[in-house]
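In what follows, a single structure is set out as structure tokens and then discussed.
So that you can tell them apart, the chains are marked A, B, C, D, E and F in the order they are listed, and the count of residues begins at 1 in each.
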């Protein structure tokens, strides 16, 4: 499918832990993978981020939406 | 830093496009990378997802938080 | 109340399933209903979306906030 | 496509307003439409929500992901 | 209004910066203020968080919804 | 750590309630605390918000990310 999210990462399911309402699924990311972030321009400046920098990307698991084409 | 998000992905900044309020940053993910998702148990069942499946992960860019240790 | 979200959908509660920490509530949407989405301009272009198109809107249940006036 | 979000609402595009980084898209929801919300069980109790109640659902536009099958 | 979010913080508007599509609003929080977070139980354990600890709470500005009663 | 979120609130852990998959943590916010919100410019105008106004900020607990420096 075509969707309006900037990030579409291929991944293999490693484990599934089912709870009463919510479940936790773990994945191994398959390469190549690119990602994108939208933050305020103020934050870009305060973070002092520039091309070539190595950073980390924190993403809460509730924001990750698995899908099958 | 230690944080309460399941996903902490190493990445290199490839481009930064600054707008008036929001900016878009693109990254190349560095390996190895694992990810996690929390969805409803109902969705796990309807999606019919199981260990070993290859899926895709959609993540809106506004949910990706870059940080530096 | 007046709030700063673009989407304010009238709905009737159909079921409530309570879990230890989180609960899942289901609703029937009442008409008329309009919705709005904010995505990157890049995504608008890649998705090739235009006025009159029929699309689907995916929304994770954790992002839906019920309220009473 | 099959995805792991509880909400998949059919909608017709009414307008698109493009900005430098982000764009705002408006939709008319097509019937029938059901929605789901996940909130804390504490909130269910404090809100005093029960089957048959009419409520409103606030959703920030940044959490709405349009897609085409 | 009564809503289904755990966090309802009183605040005074300090500044508003309007952009083409999105705007950035800054607030001074008024006391007393309590907040709540829902994270995976796994993250609670890895973070080693316990009652009395001083931590910081990161919240992306797009997740903060101002409203008037 | 330095991160790309506008909100970084100091807080003390008051309680932790662990569930099967998700846990709920409560905090007391420590002063001084400032917060920021990004909403659509349309919402700013409809909400009629201006400098000096007292408002409330609704934030779903799943969007609050605790971390330790």
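Simple rule for what comes next: a contact is a pair of C-beta atoms (placed from the backbone, for glycine too) under 8 Å apart; a residue touches a chain by one contact, two chains touch by 3 or more.
No experiment lies behind these values; they were computed from the predicted model shown.
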item	value
Chains touching both chain A and chain C	B, D, E, F
Pair from A-F, B-F or C-E with over half of its contact pairs in common with A-C	A-F
Chain A and chain E: spacing of chain centres that average the CA atoms, whole Å	21
Geometric centre distance via CA averages, chain D-chain C, whole Å	1
Residues of chain F engaged with two or more neighbouring chains	2-6, 19-24, 36-40, 42-44, 47, 49, 58, 60-63, 65-69
Chain contact graph, described as a line, ring, star, complete graph or other shape	complete
Footprint of chain E on chain A - complex, ascending	24, 39-40, 42, 58, 60-61
Touching residues (chain side chain D, partner chain A) in the complex	1-5, 21-22, 38, 65-69
Residues on chain F engaged by chain E in the complex (per definition of touch)	3-16, 18-41, 43-44, 47, 49-69
Interface residues, chain D side, partner chain E - complex	17, 19-24, 37, 39-40, 42-44, 46-49, 58, 60, 62
